[in-house]
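You will see chain A twice below: alongside chain B first, and alongside chain C after that.
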Partner chain A sequence: MEREVRVWDNLKRDTEERMKKVAHLVEEGKVVKAENTVALLEGVIKPGDKVNLEGNNQKQADFLAECLCEVDPKKVYDLHMVQSVVSLKSHLDVFEKGIAKKLDFSFSGPQAGRLADFVRDGKLELGAIHTYLELFGRYYADLVPKVALVVAFEADKEGNLYTGFNTEDTPIIVEATKFKQGIVIAQVNKIVDKVPRVDIPADWVDFVIQSPKNFYIEPLFTRDPGLITDTQVLMGMMALKGVYAEYGVQSMNHGIGFFTAAIELMLPTYAEELGLKGKICSYFALNPHPTMIPAIESGWVKNIHCFGGELGMEEYVAARSDVFFIGPDGTLRSNRAYSQAAGLYAMDMFIGGTLQIDKYGNSSTATANRVAGFGGAPNMGSDAKGRRHSSDAWLKCGLEYGMQDQLLGKMPRGKKLVVQMQETFKEKMDPAFVDELDAWKLAKNANLDIPPVMVYSDDVTHYITEEGIAYFHKCVDMKEKMAAIRAIAGYTEIGLQAKEEETMDLRKRGIVKTPEDLGIDITRANRSMLAAKNIKELVEWSGGLYNPPARFRNW
Partner chain B sequence: MALNELNFKYKVENPQSIAKEYSHLGVVGSGDLEVLMEKKDFGGGTEVKVVTPVTGFDKVWEMVVTKFVKGNNLGDLLIEINDNNATPVVVSMRLRQALAEANKKEKGGE
Partner chain C sequence: MLSWDELQKAKFTETNARERAFGLVDKGTFTEFVSPRDRMPSPHLPVLGEAIGYDDGVVTGIGLIGKRPVFVVSQEGRFIGGAVGEVHGAKMVQAIKLALKAYEDVKEKYPDSYEERLPAVVISFETGGVRLHESNAGLLAHAEVMDQIQDARGKIPIIAVIGSKVGCFGGMGFVGAATDVVIMSEQGRLGLTGPEVIEQEMGKDEFDASNKALVFRTTGGKHKYIMQDANFLVKDTVGGFYQQLQEVMKLPFAEIEKFRRIGSKELVEEQLELVKLAVELGAKDSMDVWKYYGNEDPAKLVDMGPEEFLKVAKRRERKLG
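Here is the complex of A and B:
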């Protein structure tokens, strides 16, 4: 019988062909000169390719992004960009110029408004908005990049990369690309004889380019304690007493906002006074937040694994290897994929701010005209259904879960604490509690399949406003959940619909607790509770090791 | 800037005044306010005066103040609020703080 002859290494052959076309651009080892980058990209990228342009939460392959905008759209077009963050102008310029066509991503902070316009005007075909871990997963399924354009601090001529403090997404991108016969190009700040440590081995990298200037990096996680308000202090006190202490939460992720910054700064003060040291806050999946310095210095924290770095924290982190993950070279290794995995499966709590909460308790930061995505929040802010290990906090929350019996019968199972904090009104008298989330308008404006919800009502366990805490998971049905939302929604339209006897009943049953119910002396809710009141005091706590970026140096 | 003055009067059952004769809390910083409370012989009534640069939110002020006075059964009390664009969030918190402060046992100094 005749057997059909099939070729099983098409991807490899295709890559070899492309590599041959650009062989003349390579200097010593794998080095390509910066001025030849555009020619390199035109040589290795074909129309319709899936291309990963490394845009992280913090570090950006900005030089490669600009070069991609300069390729000839007659040679390179219809690209499908797969990248976690869309934050630079050039990330969308490639669509404007007709070089790229489709986008799959996670987060798009500063470009969110323009992205919405592009989708509406048909300049960009939106695949989907993902959480980081979800997108990383698809790099190994249906979104494998053919070409990855990544960024590192240093490379040697053979192509070994040092990604160091800001390793972030690089390993997971490179592995998906290279092991599926793709091509990896790295921009680096400096080509050196020997890298301080090998974060990405040379044989996984095809080309290295020393960029004309250092890559851009965003200090996203620095919160000036000087801007924390008394209301945020009050809500922080409520969180510490009503959630952290109540459940004895030992492992967690904190959001990037001022609410959690206030909590971090009250560990050595209010939490210490409550006798919580050693009983809460030992393990974190967290970037090196400068506002964590006083708690670390006071001996609160055993372990922090970081998604990425934070500008100015390099020396401090390096000097605290008992707490952070430090390489043999003495610098931090961050890794977004591992930290997100820890955030999903190893953390008992996610706590952070939101923008809008609907009457059912769905929460979202989406606004009507910005396609921003949520990064890692929906991943960490959800109950991992595959979790099988137990902890006191997780088990207690599960035991309190009002719908547990209906879902499982008589079977003990824990529940992750997912805590959302928001004042009832935002600036300009904008209510935080609404009948319908702006996410619905956004879905319409940008032709999305579903409204982008950050945390769904069935994942949230606690809502905290200045009015009180709703122990949302204790509710037995949606009717009760809606009453609990009304009870803490203050003077918003939603809050004004609260019925006094209903709220009193919820308080009696411990589903709603006011600061008074929690035994908090509300007159103490002021900034003197904070262990550091400004950036300068953070520097002092660090013994001079924290070196804040210029824009935060206001003394 | 023209200031808007609002006045409210209440009479609740079994009213309770504050422990101190006089109490003051807060500062008129941007987005904040100060609350003055003074024990007065109003025959059980409470009078509230709000001075604010904000117009168009009289209804919200009335709701916040009414809930505060009625919810705490206040009486024989004068409350003066000097506001500088505080949100209802801050107003509600400062009022609760002011009442807690006004009911603290007098100690020496602050």
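Here is the complex of A and C:
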């Protein structure tokens, strides 16, 4: 029998050919000098390649991003960028210069406005906006990077990487790239003789470059307790009594806003007073929030796995290895993909702030002219349909689910608690409750297929405003859901449409609870409830181990 | 609202203007002038569609410290950043005017022992200066307060208390500097142009307003204390300020004059020497100046608690006073 002769290692041959072209740039081991980086990129990247530029909402491969902007657009063009975050100016400059053409990403933060302009003006072809896990998943399907530009604290000459406290996305990017015969280039702060621990083994890395200055990290998860308002304290008390205590929630993810910061700071005070210690808040998928320090120090927390690090928390975290995941070298290892998986499947609750809520109960942080993306919130803020293990909180929420019978008949199943918090009016007296989300306008402005919704109405279980909690999942149909939204929407246009008898009925049936219904003394809802009232007190709680960045030092 | 006893222990930065007014004078002695019940809001804000406050962001009233009537002005930073508009300014002016009237009354009634009953004015600053929504009226109010301070000169002490979140900036920074005595906490901040405005006008290299540690090192209580721009540095509690006020009230009036930082030819000359020094020293950071005044390890002072700081910090030596 004659077999057709086919080549099965094209990817490998292609990579070998590229590697040959740049062999002369390599010094000892895998080291390339910073000044040769642009030449290296021009050598290994071909037009049309899928390129991953590491960066998320924390650490950034900023030097490599800048070098990518310097390549000759006649040699390197039409790149398809696949990356977690678009947050640096250089991330969009590559499109401006015609080096890159298409983008698949997850979150954009500070560049969101410019990104919307680029999409509208046709400077950038937008693939899709993902959640982190979704994008990571596609790195292993149809978005495999040919070249990955990653970042680490240290490397040795052989290419072993130490990503340490801020390991974040590096492992999942490198694995997808390297094992599909791609090329991995790492910028590091320092090339050393021996790394403190090997986070990425040398044979998965092709080149290491010591960047001229340390990579940029954003302290995104630090909330100054000094800025928490009395209203946020009230809503935190409502959440603790009406949700945490009610369901006995033991595992959760907290958003990054001031609402959850207030809750964290009330564990040693209000929650302690309610006798909840040990009954709630034992396990977290969470970055090392400085506002968690008082709760950790008071013995509330058993376990925290981190997506990433947080500037200033290095020493504190290292000294609490009972709580955090610490390597043999004594420093934290974060990992965004694993933490997201924990957030999706192992946590009973996601709780965080939102920006806009429509009359149906869909919640979004999108504004009309900014393509901000999602990050990880939709993964954690959704009911994981694949979940099969049970817990008290999950089961109770499922038993209360008003549409369960219609969907499953007589079959018990739990439901994840997805709690969204927002004051009825935002800054500048903008109503948080609206007829139609700004996401619709954004979809039109940026040519998106669907409005970017953070959490859909069928995933949200609880809405909390200063007016009350809507136990949204208890509603039996959309009509009832809309009434529950109106009941807690205060003096917004939506709220003013509430009918008193309807609201009273919802309150009787426990679908809506006001602070009074919850037995909360509003006069106690003020900042004196917070275990720490400013950053300095967090430092004191930590016994001097927390070292806040200069921008948070009000002294 | 916290009780007077609770207030004494409460952080000054955590209290509101009314609580501070109550807590800065003897227990149970405070009476508010034109309280929110009298409803005296700004006439200008509704025209612009802005929310009003029935006290227009300032609490004024009278209380006692010992035998001395103390006229209190306490600004509220949570209402438009404590910015001074027409009504707000008028309330400040009237409080000082009343204090001056009380001075005449006391002098007439107790000609031999008036000094132990001498009125005083305490202004708790929390403001960025002029309220831009009513800028002309606000500017005028600044000038009128200055006038009153001048009229009070040599008669009754005007004491600045600076320890609230917003600090004391803009035109009110001048007013604060023109008082007789300045009491600050570490968290208090005093300056003219706010950090954000400096950054906007001069660039991030000149002053990085997002670097709070830098902002506090430059405008905060510790720096002002070392520089003698603040006469006293106290703990961040209402009680800390109240106790210092009690101490100041015990001093003979002639001593009070010595606390002034400006207001005479000699004092102006002393200030001008500082300008010269700033050029010569070429300081890049307030810590360079701290070092110049003999603080060997200035970085250490930054994290130090107030008690220890007061023990070890070396201050600029005053030529006068």
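Here, the second predicted complex is superposed on the first by the 553 of 555 C-alpha atoms of A that agree within 3 Å, B and C clash if a C-alpha of one lies under 4 Å from a C-alpha of the other, contacts with A are read in each partner's own complex, and residues count from 1 in each chain.
Convention: contacts are C-beta pairs under 8 Å (C-beta built on N, C-alpha and C of every residue); 3 or more make two chains touch, one makes a residue touch a chain.
These numbers come from a predicted model, not from an experiment.
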On chain A, do chain B and chain C fit together or clash when superposed? clash
Classify the contacts of A:Gln406 with the two partner chains as first (chain B alone), second (chain C alone), both, or neither. neither
On the A-aligned overlay, A:Asn447 touches which partner chain: chain B = first, chain C = second, or both, or neither? neither
Is A:Ser528 contacted by the first partner chain B, the second partner chain C, both or neither? second
Which of chain B and chain C A:Asn10 touches, first, second, both or neither: neither
Comparing the two partners chain B and chain C, which touches a greater set of residues in chain A: B
Check the residue A:Leu234 against both partner chains and state whether it touches chain B (first), chain C (second), both, or neither. first
Touch test for A:Phe552: chain B only (first), chain C only (second), both, or neither? second
In the overlay, answer first, second, both or neither for which of chain B and chain C A:Ser390 touches. neither
For chain A, give the residues common to its interface with chain B and its interface with chain C. none
Footprint of chain B on chain A - complex, ascending: 229-231, 234, 423-427, 429, 466-467, 490-491, 496, 515, 521-523, 525
For the complex, give me every residue of chain B touching chain A. 25, 57, 60, 63-64, 67, 87-90, 92-93, 96-97, 100-101, 104
Contacts from chain A onto chain C in the complex sit at residues 226, 527-528, 533-534, 550-555
Give the list of chain C residues in touch with chain A in this complex. 2, 10-11, 13-14, 165, 186-187, 210-214, 216, 220, 222, 302-303
